[in-house]
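What follows is a set of structures for review.
Two complexes follow with subunit A in common, the first pairing it with subunit B and the second with subunit C.
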Partner chain A sequence: MLEWRRRREPSAAMLYASPLIAVALTMLIGVAVFTAMGYPGAQAVRDIFLTPFLEPQRWPDLGVKAAPLVMIALGLAIGFRANVWNIGAEGQYIVGAIAGTGVALATHGMTGWWILPAMAFAGILGGMAFAAVPAFLRVRLGVSEILTSLMLTYVAVQGLYYLVRGPWKDPDGFNFPQTRLFGADQTLPVLAEGSLVHLGIPLALAIALVAWLVLEKTTAGYAVKVVGLAPQAARHGGFRADGVTWACLLAGGGLAGLAGLFEAAGPFGQLTPQFPSGYGFTAIIVAFLGRLHPLGIVFGGLALAATYVGGEIAQTTVKLPQAATGLFQALLLFVLLATDVLVTYRIGWKARAA
Partner chain B sequence: MTSIITRRRFNFGAGATAATLPLIGGRASAQAPFGVGFVYVGPVGDHGWTWTHDQGRLAVEKEFGARVKTSFIEKVAEGPDAARAIRQLAQGGNQLIFTTSFGFMNPTIQVAKQFPKINFEHATGYQRAENVATYNARFYEGRAVIGTIAGHMSKSGQAGYIASFPIPEVVMGINAFHLAAKKVNPNFKTRVIWASTWYDPAKEADAAKALIDQGCDIITQHTDSAAALQAAEQRGVFAFGQASDMKAFAPKAHLSAIVDDWSGYYVKRVREAMDGSWKTGDVWGGIKDGMVKIAPYNDAVTPAAKAAAEAVEKGIVAGTLHPFTGELKDQKGVVRLKAGETASDELMSKMDWYVDGVQA
Partner chain C sequence: MTAPPRLALAGISKSFPGVKANEDISLSVRPGEIHALLGENGAGKSTLVKIIYGVQQADAGAIAWDGETVAIPSPRAARRLGIGMVFQHFSLFDAMSVIENIALGLDEAVDLAELKVRVAAILQSYSLPLDPDRAVHTLSVGERQRIEIVRCLLQKPKLLIMDEPTSVLTPQEVERLFSTLRQIASEGCAILYISHKLHEIKALCEAATILRGGKVVATCDPKIESAKRMAELMIGAELRQIARRPGGGAGAIRLQVENLTLAGEPPFGTALRAVSLAARAGEILGVAGVAGNGQSELLTALSGERLAGSGAAILLDGRPIGLEGAGARRALGLACVPEERNGHAAVPDFALADNALLTARHRLPLAPLGIIARGEVERFTQAVIRRFDVRTTGPGALARSLSGGNLQKFVMGREIGQEPAVLVVSQPTWGVDAGAAAAIRQELVDLAAKGSAVVVISQDLDELLELADRLCVINEGGLSAPRDVAGLRIDEIGLMMGGMRGVDAQAGGAAHA
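Our next item is the complex of A and B:
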C-alpha cells in the first residue's frame, strides 16, 4: 500500500525550486499533449513560454499584462500568509476601477495634476470598502471569507454592467455600453512617447519592494506570518488575529482596487462591460507561483503574462486555439500544487503489520 | 514513439527559424507571401459571426494560394487585449489586417497610428484614417426578407426578437424586421428581449423560452449562438438563423437565415492591397453586393410566404424597394420619415428609435 508521509523538515531548497520544476514540467506536458493533438508541440510551448521573453518588442506587452497581476497577487499573498483566503480580488479590482472612474467622470473636461491621484485614492478606497464586507462578516459572524469574497465578485460585475449601460453611458457612444473616454489628465502617463509602458508598471515594482520590506522587516509582517502559522502562539504573543484579518483583507482589497483603477486609467481609458478580465483570479496562481513572496510574485506575474502574450503568438505561428492559453495556466497551477505536495510529503510503502 | 521524437526535433528547428522572421519587421521582400491578419472576437467554431469571417479568410487563401499567408487571433477581448493582438499581427509581417468586431474600433485606430505603412480594415465601426477603412453589411435588408416570412408564417401575429445591445446596428435590424412583418399583417407585434451579450447560449435559450411563453411563435435573434433555434425546435415554433445557415441545429424550426458573406470583399481588398491600389473608405454592402445572402427556405415556408420574400429580395436588389420607406412613425407617434421618403444611410447609422408596434 502506498501512503503519504509528512516530511519532518521540507527541504528549503526544494521549496524555492518547486515553481521552476512546475514550469519545466508544464512545458514538458504541454509538448506531449499538443504533439498528441497534432500540433507542433515543441514550437507551441516555445512560443507560449519563451518567445515573449526573447523578442524585445513583446516586453512592453509583458509589462502591461504583468503589472495588474503582480499588484493583485501582492495583496492576496499577504492574506494567504495569514490564512485569510480572499478569493474575490476580481470584485475588488472592478469596484476600485468603478470608484476611480466615478472621479474621472465627475472631473470630465477639467485639467489638473490632482485628478489622477484623486482617482487612485478613490480606487484604493473602493477596493478596500468592498473587501471590508467579507472582513466584517468573518470577524463578527465567523462567515467564511472564501465564499463571501467570491460571491461579491458577481455583485461587482452586475454593478459595472448597470453603470455602463445606465447612468454612465457615453452620451456620444451611439448607445454602446461604455463610459466616455478619459481625458489626458485622467489617463496614466506613458513613460516614453508612443510606447505602451504606463506609470502603473514601475509602480507595481515599487509596491512589490515596499511589500517585501513590510512583510520581512516589520512587526506587522511578522504578525501576519505568526497568525498564519500558529494562531495560538500569536495570541500568546499579543497579536490580535481579528486585526490581522482586517488588515489582510483591506490590504488585498486596496491593492486590487488600485490595480483596477490603473487598468481603467491606463490600457482601457474608459470602462466597458469587457473590463473584468479575470486578473483577480489569475493573480491567485501568480501568488502561489511566487511562493507568496513579493519578489517571487514579480516573476510569477511575468510568467503568467507570458502565457497570455505567448498564447497569441502560438495562435499565429502554429494555429494553436486560444483555449490552449487557459489550459496552460490551469496546468501550471495544478503541477505547482502537485510539486508542493511532494515537497511537504513523501510517498512510501505502508509497512505491513508483521 | 520514434516518429514523435523525430517530429519534435524537426519542430524545434522550425520554431527557431519562425521566431527570427518577425524580427525582420513589416516589410516583406518581393518573393515573400503577402501577409493578411485577422482578429476575431469569438472562437472560430462552426457557425455564427466569427465563423463567417474565417470563411472569408479561407476564400482569400483559396484565391491567392501561396502568394498570401493568412493568420488570425481568435477570442480576443474588446479592450487593451485587442490592441496587443492587432499590434502582434502588425509586427508579425502582415500588411493588411482585418479587425472584425465593433469593440476593436479604438484599438485599431490606435495601432494603425503606430504602423502607417500597414493597412487596416475595421468591421462595423465609424472611425477611419488614411490606413484604416471600415466595412459593414446591410443586414437590415436580410431582416426585411425574414420579416416578410415571419408576417406570413406567424399564427399568433407575434415574433420574439433576442437582441444584444441597443446600438444603431441592432435597432435598425429590429425596425426592418418589424416593418416587413407589419406590411403582411398590420397587427403584427415584435417583442424584444435584451440579452446584453453577443454570445451566451444559456441566456439566449432562456430569452427564447420566455418569448415563446408570451405567445411568440417566431423567434429571431441578433446574437450569435444557435441556442434560441434549439429552444424553438423543442417547443415546436419557427426561428431564423443568424450570420450563417444554422439549419443543422434545428431542422424543423429553421425557416431560413441571414447569411453574412465576407469572401468577395476580403478577396477584393487583399487584391487591391497587393497591387498597391488599396485606399481607405467605407463600404456598406447588401444583398446586391453579395455581402448579405438568404439561406435556402425550409419546406415549411408556404408558397405565398416564399413568393413574397423573394419579391422583397428582388425589389431590394433592383433598388425599387427600401426597407425604410415613409410614412414611418416611431413608438411615440413622431413622424420620422414622410410619406414616400426613404431613409438615408446617415439616418440609419444613427437610428435610436423604434417603429410603432415594437415592444422594446
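Our next item is the complex of A and C:
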C-alpha cells in the first residue's frame, strides 16, 4: 500500500519541482479529457502549451499577454506572503483602466509627453483607491478582504458598463458601447514595428526585479514575510500588521491598476465592455505557480500567457471551444494545489501490518 | 477482599529529547475516589495524563485497569475502556448548538433526537443548567465546560480526568462544578483531578499524588495534610537556599511601572490589575506566579506589543514610554524575551540571521534606511552564536532546526548582545537543559552587574531564588509588593502562588472552599 509520510523538513527541491509536475499533470489530464470528448487531445494540448513557445511569431503575443499577468501577480504575491488575500485584482485592474481613461478623455486632442505618465499615475491611484476599500474594512472592522475584494470586482465591471454606455460613449461611435480611441500621445509606444509589443513588457520585468529587491533586501519586504509567517513575532519585532495589510493591498491595487491602464492604452486603445478579460483572476494562478517569488512569477506569467495564446491557436486548429482556456487554467491551479502536498509529505510504501 | 483499583500505574516513564517528562511514576485510583494530581507546571502532569488517555505512549511501565494490564494505544481505546477527559481548552464549534457539538464529539454516529433524550436525562440527574439548543458562542465558559462534561458522561465513564478545570471558572462556577464532580464520584466513577490550586484540592480530593520534576515526590491525604506541607512538596522541600550575591540592588530606578491596568485578551486572557513595580540598575527583580495569572500579559504590556493606557504608566529611565510601540521601546533600551520561543520570540521558518534582524535592528545598525545590511546581520548573528555557545551550523540555519535550549540561548543572546538598559524575560530557562540554563542565568547576572535592570518572570521558584534580589508574586493579574529574597521563606511564596495570600491562611486552608 502507498501512504503519505510527513517530511521532517519541507523539501526545497519539491518546492520548485511541484509547479513543473503540476504543468505536466495538467497536460496529461488535458489529453485524457479532450480525447474523451472526441477532440484530438494530444494535439490540443500541444497547441495550447507548446506551440506558443515553439513558434517565434507567437512570442510577441506571449509577451503582451504575460506582461499584465506578471504585474498583477507581483502585487498579489506580496500580499499572499503576508496572509493578505486580495482576490479582487480584476476589479482594481478595471478601475485602474477607468481612471487612466478618464485622463485620456480629459486630454482628448491634446499632445504632450506628460499625458501618458499622467494616465499611468491615474491608473495606479485608481487601483489603489479601489483596493483601499477592502484594506479599510479589514483593518478597522475585521471584514475578510477575500469577500470584499472579490465582490468589488462586480462593482467595477458594472461601473465600466455604465461609463461606456453612458457618459463616456464615443460621440462619433455609431452608438456602439465604447469610448473614443486614444490619441498617439495617449497610447503606449510600440517597441517592435508591426506588433503589439509595448512598453509594459520591459516594465513588468523591471517591476519584478524591484519587487524581488524589496522583498529580499529591505525591512519592508522582511515585514511582509514576518507578518505572514508569524504574526505574533512580527508584533514582538515592532512591525504593525495593520500597516502591512494596508501596504500589501495598496501595492496589489496599484500594480493591478497600472496593468489595467497599460492594457487600455496598449492592446485596446479604448475602453469597451469586453475589457474585463479575467487577467486579475488568472494572476492568482500565476502568483502561486511562481511560488510567490518575483522571478518565479515571470515564468508563471509566461506559462499562463501560453494558455491564452495557445487557446486561440487550438480554437482554429482543432476547433476547441474558447472555454478550454479557462478549463486548463483552473485545472492547473487545482493540480498545483494538490501537488504541493509533496512539499511537506512524501510517498512511501506502507509496511503490511503484522 | 477489596476490589482492585480502577486505575493503577506502575513505573511509568516517558522521555522527550532532552527531558525526562515522567520517571518511574506509580499511582492508583480507587472507584469513587477523587484523586488529585498535584505539581507545578512542567512537573510532568500533562504527559502522564496524555499517556493515560492514549494520546502518548509510555516508554516503560504498565497500566492496570480494574486489575487487568491494558494497553491504551489511542484516545478512542481509552474511551472504550471508560476513560473520559475534559481538557483545559475546549474543542467546540462556536457556530453550532450544544447538542450538535455533543454529537460531533461521540465516536459512533447517533440519532440526534435520541441523543437529545439521553442528554436531557444527564442534565436532569446531575441538575446541570444547560440548554441543548443554544449556540455555543452565546455560552459562558462554565457552560461550555459542562458540554465537555456531558460529552464524557454520555460514555458512562469509569474514570474521569479533569485537566485544570477551574483555571477559567468563576468562584460560583467552581462550586457548582465541585458538587457535580462529587455526585459523579458517589456513583462509583473515579476522578483524576489535575491542579496546582491547594485550597481546591483540600476541598475536593481524598488522595493526592504530588509530582515534581517528572517524579512522584509524595502521596498524601489532602484533607489531613496542611497546605503549607503540600506547597513545600510541590516546590521542593530539599531546595537549597542560594547564597546571595554581594552588592547589587542599590542603583537608580531604570524601569518603573505605575498602576498599569489592562483588559485581558479574550477568551482566556488575564486582565492586569493596577500593576506597579520598580526595577533598579544592577538588580534582578523576580516575578513568581502560577501560569496564567497575567505573566504573558505583563510581558506584552512591557514589550510594547500592547500599549498601556497612558504614557506615564511605564517609565524607562524616567521617560514615559507607555504609548511607544515595541520598536521604539527597544530603541530606547527596553528589551523583552517572551516565554514562547516559536512564533513569538523567533520565527521558526527563518534563518537565525533573519531572526537576529527581528529585534536587533532598532539598536544596532543592521538595516540603515530600511535596507538590510546582510554583512552586519551575519556578523552580529555569528557573534551571538559564538558568545552564547549556540550549537548550530551557522547564521543560515533555520530556527526550527535548533533544539529548544539552543534556540533559547540564541534568543537570549540576541537581546543581551544589544546591551539593553532593561531586560524583561519570561521563563528564561523553560525546557532548557541544565548546562544551558546555568549559562543563561550567568548571563543575566552579568548583565545586571553591568548596570542594567533585569526582570525575570518565571514559574520556577528555584530559579528565581537563585537569581533574584527581590521577588514579587503575580496572582490573577495583580502584583504583590516585592520582598527581599534574603528574608523570604519558600512556603510563604508557595502559598502566595497558590492564591492564599499571607501566611496566616495556612492553618485554615479551607478559607476559599
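Note that the second predicted complex is superposed on the first by the 335 of 354 C-alpha atoms of A that agree within 3 Å, B and C clash if a C-alpha of one lies under 4 Å from a C-alpha of the other, contacts with A are read in each partner's own complex, and residues count from 1 in each chain.
Keep this in mind: a contact is a pair of C-beta atoms (placed from the backbone, for glycine too) under 8 Å apart; a residue touches a chain by one contact, two chains touch by 3 or more.
It should be emphasised that the depicted structure is a prediction, and the values quoted were computed from it without experimental measurement.
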If subunit A is used to align the two complexes, do subunit B and subunit C fit next to each other or clash? fit
Between the C-alpha centres of subunit B and subunit C, what angle is found at the C-alpha centre of subunit A, to the nearest 10 degrees? 140
Which one hits more subunit A residues, subunit B or subunit C? B
Across the superposed arrangement, the tightest C-alpha approach of subunit B to subunit C, in Å, is 35
Taking the touch rule as given, give the residues of subunit C at its contact with subunit A in the complex, in rising order. 303-305, 325-328, 330, 336, 338, 340, 343-350, 354, 357-359, 361-362, 367, 370-372, 398, 400-401
Using the touch definition up top, name the residues of subunit A that touch subunit C in the complex. 9, 217-220, 222, 225-226, 229-230, 232-233, 235-240
In the complex, go through subunit A and note every residue touching subunit B. 31, 35, 40-43, 46-47, 51, 54-55, 57, 61, 64-65, 161, 165, 174-177, 181, 194, 263, 266-269, 272-275, 277, 308-309, 312-313, 315-317, 319, 321-323
Subunit B residues touching subunit A - in the complex, by the definition given at the top: 4, 7-8, 11-12, 14-15, 18-19, 22-23, 37, 43, 71-81, 83-85, 87-89, 91-92, 102-103, 106, 114, 126, 165-168, 171, 196, 350, 352
